[in-house]
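Provided herewith is a single structure, encoded as structure tokens, for subsequent inquiry.
We just call them A, B and C in the order they show up, numbering each chain from 1.
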Amino acid sequence: MERLINIDRRIIFVFIFFGTLVPLLYPTPFPIEPSKEVRSTYEEFERVAKLNDPAVLLSYSYGASTEPEIQPMVVAILRHCFANDIKVVGICLWPEASGLAQPAMEAIAAEYGKTYGEDYAFMGYKPGLQAVIINMGQNFHDAFPKDTRGTPVGEIALTSNINSLTDFDFIFDFASGDSIEYWWIPYGKREVPFAGGCTAVMAPDLYPFLQSGQLKGLLGGLVGAAEYEALIDHPESATAGMSAQSITHLIIIAFILFGNLAYFATRRGA
Amino acid sequence: MFFVTRTLPTLLAFGFGSVAVAIYYIPHASAQTIESELSLWLRIVYAFAYVLGLYSLLNLHADRIKRRIPGWGYSLVAAISFGVMFLFVAYNDGNGPFAPQSETGGYQWIFTYVHVACSSTIFSVLAFFIASAAYRTFRARSVDAAILLLAAIILMIGRVPIGRAIAEFLPVLSSWLMDVPNLAAKRGILLGVSLGAIATSLRIIFGIERSYLGGGGDE
Amino acid sequence: MTRENNLFLGFVGLFALVNVFLFTTGKLPADWTGAGTMLAAGLTLALYSFLYRDNPLFKFAEHVFVGVSAAYIFGITWYQSLYGEIVVRLFGIGDDGNSGNHLLLVVPTILGLLMLTRFSQKIGWLSRIAFAFFVGVGAGFTIPRYISAFLIEQMEPTMRALEWSADGFNAILILIGVVAVLVYFLFSVEHTGAVGKISKVGIWFLMISFGASFGYTIMGRLSLLIGRIRFLLDDWLHLM
């Protein structure tokens, strides 16, 4: 038993590797039932879609390290916006987000036949974290004088009438750090509905804000993205990963239970 | 000299801090203008902080190369990689450094195929180690540890699609765990952290907390 | 030749063979996209080689990443902030007449430059002025917003009116949990008697929350792994 507890960790690595690989190659489709926090995010975008000339701010606050978790959310939400003629303004609060979000916006906008400057615009990154949010709250044109193409925001049809955060109908942040909890919630504008998508690691910390209404909805990790893909009826990479996610969870649980059994067996024997 | 090196920065922190607090409560256009200006300044100073961090990193590797510290070859690799990427940054797909940033070209190519690939891989390696650590150390040694373990297991099954296939109540139970006990504990932590942050901010403004000034150089 | 060297050469050889196959069969296009995918796959595998043990291939990839990231972040900071806001808006260089002359930007520019004196032995103290601004304004912005968003807004839903329903029961549990956790963190009072019992309840709530965080952390890390394996199987090997 002692030897089993102290097995070479590389044996566990092999199990995890094949537990990921095999379901990706031969997936078992498990039905995906959206959770209420994902559903409420979806409903918020649906509400915005019914408004006259709706515009949302998508804040990209994620980096390459969490790209596999966040990028599927970005794609799913952009699809939902463009399919419902919601105008999208993109900004980045993390430097790496610029290189990840911009290609996604361009690709999905092209798919839905959207025009830059009228249906969507990309402002790029500004350093300053919460200071950028305060700045946008007071004066959007001061925070982002030009878009990434060098066009002044006042000359872009979509942003010319946006003077501050309160001119947006909805704000959504894609986060792989503190941006939802410590930047947007305290420094954003309470009167503008706000929701977020974050890595699974951060999701449990954000539940107090769902109950208080400071967050209208939440997409937590790849599972949240897969649930959103199910809601917009467009299964993509997140859905494809759910089989592997399920199997690897079972493998780890099996290891934990086995480790505990072995531990108690050794203690009884001692 | 002490006034300039110690007292003046403390007075400045007090002045700027007090103004930043006050303008929040003043519903006047001029207060909003000051807030906008201060946040813009803060953003720009923040950009210089990046340069400071970059200098620190490059200095570290240059020092390792200069002094031939074991593993200096890897520092050379980091320096060369920096140099190559820097050239593409300055080249800006033919537009040069004094033009809006290009959306295509070598810079974007290296970002996509080197930076994104490495960054997400390094973090994904943790999946293996967290699995190994869970097997070796996650033990129900006490009631408290057993509660933690049970909550983790319920969440891990209940939040993935297979959970519903195993038992209908698992997603419901995991959702309740998140919405009630987890929420309560996280809110308790949040209230404590917020009170701590507010207290620290007050200490900074009133000059009680001055560790940000660092030591030496003024005596 | 050691076993390690053989493994290393075998790995590199196999990687080369696979890529030759992928390019010759047209699965990887013979262009910059194909070359990029091959490079990304190579770096991914080199970094995963750490799972076997620490090795030069891993260290090489790791340091390539460090160098590239530093230059990338500098590039973004330069174009979006230092160039876009200081060079253009303050000095008017590269301006098309639409940016507006923002003379007040001279203040944060000077403060930023003062920050860079941090590494100087002689004039390093000047950076304290910049840090005083940075920390002072940051602290000033924090106080009212934290009181509003974290204290007031979080206290209100904790103390909702009681009702005879499942939601009402949950609301009581949340109230008990929040109070018990706060009591647990009250270190100025000895945790004995009633306080000890309440703080014990606080520990149970905390344990459930830590369990949730642990479960979600495993979920997150596995999602990242799934993303990378998907890249190798789909984008590189075209097996999916």
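The definition used in the following text is that a contact is a pair of C-beta atoms (placed from the backbone, for glycine too) under 8 Å apart; a residue touches a chain by one contact, two chains touch by 3 or more.
All values derive from a computational prediction rather than experimental measurement.
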{"item": "Distance-to-centre winner among chains (Cα means, whole assembly as reference)", "value": "C"}
{"item": "Chain pair, most C-beta pairs within the contact cut-off", "value": "B-C"}
{"item": "Centroid comparison with subunit B (C-alpha atoms), farthest chain", "value": "A"}
{"item": "Length of the line joining the C-alpha centres of subunit A and subunit B, rounded to whole Å", "value": "17"}
{"item": "Euclidean distance of C-alpha centroids - subunit B vs subunit C, Å", "value": "5"}
{"item": "Inter-chain centre distance, subunit A versus subunit C - centres from mean C-alpha coordinates, in Å", "value": "13"}
{"item": "Junction residues of subunit B - those touching two or more other chains", "value": "39-40, 42-44, 46-47, 49-50, 99-101, 111-112, 115-116, 118-120, 122-124, 127-128, 131, 134, 149, 152-153, 156, 159-160, 178-179, 182-183, 186-187, 190"}
{"item": "For subunit C, residues contacting two or more additional chains", "value": "51, 72-73, 76-77, 80-81, 84-85, 141-142, 145-146, 150, 154, 174, 209, 212, 216-219, 221-222, 224-225, 227-228"}
{"item": "Residues of subunit A touching at least two other chains", "value": "13, 16-17, 65-68, 96, 99, 124, 126-127, 131, 134, 146, 148, 150, 204-205, 208, 211, 223, 245, 248-249, 252"}
{"item": "Of all residues in subunit C, those that touch subunit B in their complex", "value": "32, 36-37, 39-41, 43-44, 47-48, 50-51, 59-87, 93-94, 104-105, 107-109, 111-113, 115-116, 118-119, 121, 124-125, 128-147, 150-151, 154-155, 158, 170, 173-182, 184-185, 202-212, 214-219, 221-222, 224-225, 227-228, 231"}
{"item": "Residues of subunit B touching subunit A in the complex", "value": "32-33, 35-36, 39-40, 42-44, 46-47, 49-50, 99-101, 103, 108, 111-112, 115-116, 118-120, 122-124, 127-129, 131-132, 134-136, 138-140, 149, 152-153, 156-157, 159-165, 171, 175, 178-179, 182-183, 186-187, 190"}
{"item": "Touching residues (chain side subunit B, partner subunit C) in the complex", "value": "4-6, 8-10, 12-21, 24-25, 37-52, 54-59, 71, 74-75, 77-86, 89, 92, 97-101, 107, 109-128, 130-131, 134, 144-145, 147-156, 159-160, 176-195, 197-198, 200-202, 204-205, 212-214, 217-218"}
{"item": "Complex contact set, residues of subunit C against subunit A", "value": "51-52, 72-73, 76-77, 80-81, 84-85, 89, 96, 98-100, 141-142, 145-146, 148-150, 153-154, 156-157, 174, 209, 212-213, 216-230, 233, 239-240"}
{"item": "Subunit B contact footprint on subunit A (complex, rising order)", "value": "5, 9, 12-13, 15-17, 30-33, 35-36, 63-68, 96, 99-100, 102, 106, 124, 126-129, 131-132, 134-135, 138-139, 142-143, 146, 148-150, 204-205, 207-208, 210-211, 223, 226, 242, 245-253, 255-260, 263"}
